[in-house]
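First subunit A sits with subunit B, and in the next complex the same chain sits with subunit C.
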Partner chain A sequence: MATQQPLTNPSPLLIPCSYLTTEGNKTGSWRFLRPKYEEKTSPCSAACPAGEDIGRVEMLTAQGSFKEAWETILLENPFPGVCGRVCYHPCEQQCNRREFDEPVAIHILERFLADTASRYELKPSLQKLESKRQKIAVVGSGPSGLAAGYFLTLLGYQADVFEALPEPGGVLRWGIPLYRLPLSILNQEIAQIRELGVQIHCGKSISQELLRGGKSEYDAIFLGCGHSRSLPLKIPGEDLDGVKNGLQFLTKIRRGEVADLEGTAAVIGGGNTAVDTARSAARLGAKVILIYRRRRQDMPAFAEEVEMALEEGVELWELQAPVKIAAQDGDFVVTLRHMQVVEKNRQKRARIKPDSNKKKEIRVQHLFKAIGGEASEPWYDPPKKKRGMLRLSDCVLLHKSREPTLVYGGDLVADIKSVAHAVASGKQAAIALDILFNEGLDAVRPKLQTCLVGDGPSISLETYMSGPRSLRNHRVVRYHDLNTDYFQFAPMITQPRLLREERFQSFAEINLKIGASLAIREAERCFNCGLCNQCDNCQLFCPEIAVTRDNNPRGRHINYDYCKGCGLCVVECPRNAMILEEELLCDRS
Partner chain B sequence: MQLDNLNPEHMCSGHVGCPGCGAAIAMRFVLKALGDKTMMVIPACCWSIIAGSYPQSALKIPVLHTAFETGGAAASGVRAAQDIKGDTETTVVTWAGDGGTFDIGFQALSGAVERNENFIYFCYDNEAYMNTGVQRSSSTPYGAWTTTTPGQHWKKLRKKNIVEVLVAHRIPYAATASIAFPEDLMAKVEKAKSMTGSRFIHIFSSCPTGWGMPSEMSIKIARMAVQTTIFPLYEVEDGLRYTINYTPKGYLVNEYFRLQGRFKHLTEEDLDSIQEMVDEDWNLLLRKAGISLETS
Partner chain C sequence: MRQVLEGSHAVSEAVRLARAQVISAYPITPQTHIVEQLSEYCANGTLDARFLRVESEHSALAALIGAASSGVRTFTATSSQGLALMHELLHWASGARLPIVMAEVNRAMAPGWNIWADQTDSLAQRDTGWIQLYCENGQEVLDTTIQAFRLAEWVNLPVMVNLDAFFLSHTYEPVDVPDQKSVDRFLPPYKPRFQLDLANPCAFNQLAPPNIYMEMRHNIQMAMDEALTFLEQMEEEFESILGRRHGAVEAIQCDDAEIILITSGTVTSTSRQVVAELREKGEKVGLLKIKLFRPFPVNMLRERTASASKVAVIDRNFSFGASGIFAQEVKAALCNFPGHPPVYSYIAGLGGRDITMEVIENIYWLTKKSTAPENESSWVGLREVDHAVGQS
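Presenting the complex of A and B:
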């Protein structure tokens, strides 16, 4: 190499040399399909009676933005701490991840967020709309009443909640046992509702007069009085001395008025109150038999609660209908008739009839009736049919020209009696009243339709208030819409619980807390169906380099000057947050 | 997926690749990993067109467009010129299609790597002569329709295993990569860049136009090729040390074939025999990698 001389007189390069980029070629003109960012609805949020934006909540949780995640829940539900404990989480039933491996533990994460917020004493920064002149009375401070007050306040109204008992909370305080819902959680979330500006007046019963008075100071009244009177069994002996009522028994435990139970206790019923009564009695020392006239799968009680009751030693006798109760030496003898299934209906509870005349007797020391409830005053219930009445999915609106508008909500109108449905009822009532005041009765139904989550019936306050969520397509993303190549198998976390033996020692909460690292890992399992989580696949795989990052909230946009409409970004979006539309020739400028 | 997106682009929009072009995606990833201190030789192939006609270029690095058979030789010359100038920093690469690698440019490639020329040879493989109108190459897989293997005369010969040919030259580095696995692809480019001597990277680049499939399926198909072991991801150092980078989860080949028009004439029996060939090749690779069949 050392002998090589530099060329002194290099001959010129006689080859053509390009000096322009190809950016002058607007290859976007080739396009006949147009990719677009369009967020859709996740199935969990559509399944949530309260319409919580679950996909986004889990995204924020995975990013460690716990406060924002908690506030996202609060926009749709004032009770994340309560619902994170007592909700029957239908969201997890619809989770797309179920078809991949196991659903995301949405319920556990909701509770985690509420617990974290309470631990750090976080104050939510929720925007209230400007004050309006209308005043609304809310009768009953159960979950539906408090939710109605909460959402009305967010919408700018003054809400006065009236509660007959000395403390607010309704069934949350008096009906749900402490091992499912500790008092501190409830008190905290009610305090938060008060801080927002909801006035709660305890120890104030309301008479029917409030509903009539033409000179009422209220423009509307929300009735969320619940079902506090239990239904009769309609069998001889049910009113014998000592035959107790399940709901009242639970209330007495909360008041500390119940001593330990000895011997055997029978609970008649198949709803959540029956199961709560059975489990509470077991904690007080009784051997418990739960008697239900249909089968286990027909029980209206939430399956998980039944499961835990059985785990705790409660015996379930299915297809047994009590026909007579008799007193004998201080005990009760219950005569049970054996039932059989006549018709199996997948959607509804099985129909039953007596199985010939097979009967048996059982002798118990304690007997509880818990077959469901009804309103304790007939005027709590909505009238059958009237002019100006609007039956909505979660409440009934009765509009009268010279009197306050009445809204019946909560358990008074609910098919499924759950806290989440009560919240849905309060929310729907608040939004319906806002529409009524602003645009009149005829606008209520069509306007509510626009803020459905997916196909409904749950509705979103954020959508109603034209938040970012209102830009989403209502179409619900299903499993086959996702590109699951980007997801890895990971098992669902299991809820840590007190040991069976530990549960009997007190009414301490059974479900234990999880830590932040576990919560983040679980939230990362969420597919965020239909939502953009900034994974950047669209940008990464674009053959045209036509996806550009920018400062808009989405973080990127498509440069239609160059996009040839190949559709790769849409297919490679793991969560279906994009769509491919036919290009309209006239759109092209 | 959040790759290292800090790497700047060295390719621009407005190139004339077909919609959904796998070769354009491959170039984008490779240039991101190589950086701008790169000189590229492109023998005749799709990219001769995609880069734009004179006086335009879609690439922001110096490119020498050369004749079809000269990929290895031209890069050897560019490298020698850089060495004379004392520029050891610049990476010299060849970017050729499967025709310019497997067939027409084969002797120049074999000669260059036999001399262990200090360059990286990229073959983006779309399994036929695509820009001239889908003529079969020795990279076209068994069973495929092309304009030169039409109708009942579909290709009944196997695809040449080019990586093993290069491995037989005992070059420092030979690897396969796929546009559906960008992290793996860019890591391999960076690894190759850090080495000296002849390096070869074979990139599976789907072609919606030539394979008869919707443009939005480019990446999906490339991913399936890896998942089914039709195109396994692996690397070989010094012609000896095999590393398999992706362990497939046992997908069958059927769906991969059913999604592409070029295979639509194949019967179930044909697919069964193809499955056998794919399994045979995969087992051979496992043996070379020293992985016994029982544990794989």
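Presenting the complex of A and C:
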């Protein structure tokens, strides 16, 4: 074994070492690109007719700030509880997450927030602007009228809502079946609108005189009277005794005036009212056949509703046009003509024509017509063309010098008749009137343009009122703008529902509640496109330690003395909440 | 305890026993088994180390440069293109005097893609200031890797432990794996001579103008010289604790040899057999294994070859436009030595081609028959190939 020798010390090391600070080296002078925080627009919010700030709502929900999330919705829509249930959620169609795995279940979260607020009896802290002298009358307390009253009140106006029926809500109360929208939810949200200061006068019909009154106490009148009269089929026998109208049938159910149905019921039509009628009739015991003259994919009813109707046993007969109704021993015999598609158009409904002379007959015990509606009074509709008239995306404004300004809104002017569009209409009307009163008619269009969400047509009240949202770039963030390396695959939440068997029995709400932990998990799936959620990647990746947090937890800023413009922060921002701009020499500080 | 270990896992076991604190690597065949095993040790708590997953070899070494600057024991492993990607940081690690240890599995450089044994990858990095050691078998790999930490930390230079792809990295052999206590005795916890310290902030390795740069380079060369001396002392200590030593070079029957074969890596084992058989036939042949390539053991080489009339270097590597790289080094080491033997350079086994006993014996006979080297290098066993592109 070798003897162990003591090891001598190694020789001294020569390496550069400095105890001076490197702060004197202002690396910012190397920069020719400048990173900047700039929030952009999420595609869901641009797709929402009401322009809800969905990306931010989900961010707050994920953080457990349920009240703030709920209030963020309320800034743009007074009906989160209603819309979380009945809206057809076009937002989810545009969700960027769809290209990653599945969209975020935005509607389930909206409903969760409203339900949570209701459960804890939360009161929203909404800021009203200072009182204005103008008064506005709102005719009709459907979703557009209530929304108009709500937004006008937020803008500081006095709004009086007139409703002919004994209770407010319009189609929400009388037209949407309870299994989709329980009354308690509607009542809750209407009560909230009242608490804000909107006066709702029920049992008060309005005559056309109000519109003409030169000495009216109102400076403007919003007409949101809806389509409450059914369109005729224009076929023999449609006025036979016992042939019912879908919308009236739904109203009667809500009044508790309908007994169980026996035998077979036919519902003619393809819209949401037809589907609601069919599903309600099924619940009352009838075997239901839904008769539509085009195909299933052409139905104006929301696809999910049709799907559920079929699940519940409703039969759908496509390409069948009723041509005659006859009475026979207390039953109805409907003659149907077979139709065929002559032109397929992806964007629009198919055009159809009769398929030779093929016909068949069907004998039913109950017959419902539900092919759409129209205004019950001709003067509810906006006139064709007039001086001082401004046709906006969601309402029509008619300005007269010595008479109250008229605004036609809701279903009277909407192409898509949805609650969210009605809310959009009420909001646009309120903002348009505010602009009109402050700056005149010519300012309305350009000023509305500045508060579009993305490319519009939806607009934001928060932007109009110069809230934080107004600082955002209107550019809509697309999937390729995101850095999806920071996201993990996670399936969309499944909406818990009553069993199919349970649904037949009652008008109990089909969709069940979800708990807070599930809601947070779903909200965490949201990419928050274009918004900063303080993930701090920018700070983490900055090689110059030039990103600092402000005292305000939402605030970050870049120290341009040291930022050399490498752009790492912009690339590593998962949400596209930053931009990299070319540095202008004259800007350099 | 004797275990049957894959060559790669001999490295992993050594790193475990050395108690490395930060490990960072990017997978590349045929190195991957080394860090695969280590990542499992980090994950299951066998080894209390931080395993950093990175997106490239460049980042792997960059991460270790940061970690080593903060005064911890560091390890990485790579091969071929991965080592090439590290090139810039190889210079940085040595210039910054960081005792990083790397296992380098010798694999051919692309193109064409070739994952098999070839030393050109690591030899092409000879001027980066890393100590380079070439191993012959699994036991030597394990012992050398443990020693590498001791050596690196003593002279403050990074150490590269090289092993042939597949012939060594993927071959199972019986290996004596020492117990932790013995290794701890040989390799105490790392005491850095300098480190980043939050209590006393400073910056390392900034500007070095002409008035100091040369002295710094010379300082590195002094450390290389020290490594030569220290290696011997260290091996003695290792032997006293663990009973084995390998040597910077190993001379087998060189004392009376007329022709000495010079080899490195796994081809040495085959050569041992050839030399034994030739000796039986009465041939005066010896074998010199070079393990330490940087610093190059010039004096040892001169001494061990002094009696020979010819030396034949077998290189599994090539420097284009010159010759085999070990041959170059041997020539350079001997040229100022009066009466030195002529140096024959043979190129064999590139890209994993077998260097069989016949190949080595053939090299011996060629050398014996020749009166003087005719070429800078002779390529052994070139085949007729009929696949050339671009012929009109």
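As a convention for this text, the second predicted complex is superposed on the first by the 568 of 589 C-alpha atoms of A that agree within 3 Å, B and C clash if a C-alpha of one lies under 4 Å from a C-alpha of the other, contacts with A are read in each partner's own complex, and residues count from 1 in each chain.
Assume contacts are C-beta pairs under 8 Å (C-beta built on N, C-alpha and C of every residue); 3 or more make two chains touch, one makes a residue touch a chain.
Only a predicted model underlies this, so the values are computations on that prediction, with no experimental measurement involved.
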Task: Which superposed partner A:D536 touches (first subunit B, second subunit C, both, neither) - done: first
- [ ] May I ask you to decide whether A:T22 touches subunit B, subunit C, both, or neither, giving the answer as first, second, both or neither?
- [x] both
- [ ] Applying the touch criterion given at the start, work out whether A:S470 contacts subunit B, subunit C, both or neither, answering first, second, both or neither.
- [x] neither
- [ ] Pick one for A:L13: touches subunit B only (first), subunit C only (second), both, or neither.
- [x] second
TODO: Would you check which partner chain A:N559 touches, where first means subunit B only, second means subunit C only, and both and neither mean what they say?
DONE: first
- [ ] Would you check which partner chain A:Y486 touches, where first means subunit B only, second means subunit C only, and both and neither mean what they say?
- [x] first
TODO: Pick one for A:Q449: touches subunit B only (first), subunit C only (second), both, or neither.
DONE: neither
TODO: Report for A:E544: first if it touches subunit B alone, second if subunit C alone, otherwise both or neither.
DONE: first
TODO: Identify which of subunit B and subunit C touches the larger number of residues of subunit A.
DONE: B
Task: Common interface residues of subunit A - those touching subunit B in one complex and subunit C in the other - done: 1, 4, 16-20, 22
Task: Touch list for subunit C against partner subunit A, complex - done: 95-97, 154-156, 193-194, 200-208, 212, 215-216, 219, 222-223, 226, 230, 233-234, 236-237, 239-240
Task: Parts of subunit B lying in touch with subunit A, wherever the complex brings them together - done: 1-3, 5, 9, 11-17, 19-22, 24-25, 28, 51-52, 54-58, 60, 84, 179, 182, 208, 214-220, 223
Open item on the list: Please output the residues of subunit A touching subunit C within their complex, sorted ascending.
Closed with: 1-5, 7, 10-20, 22
Task: Footprint of subunit B on subunit A - complex, ascending - done: 1, 4, 16-27, 30-31, 483, 485-486, 535-537, 539-541, 543-546, 559, 561-562, 564-568, 570-572, 580
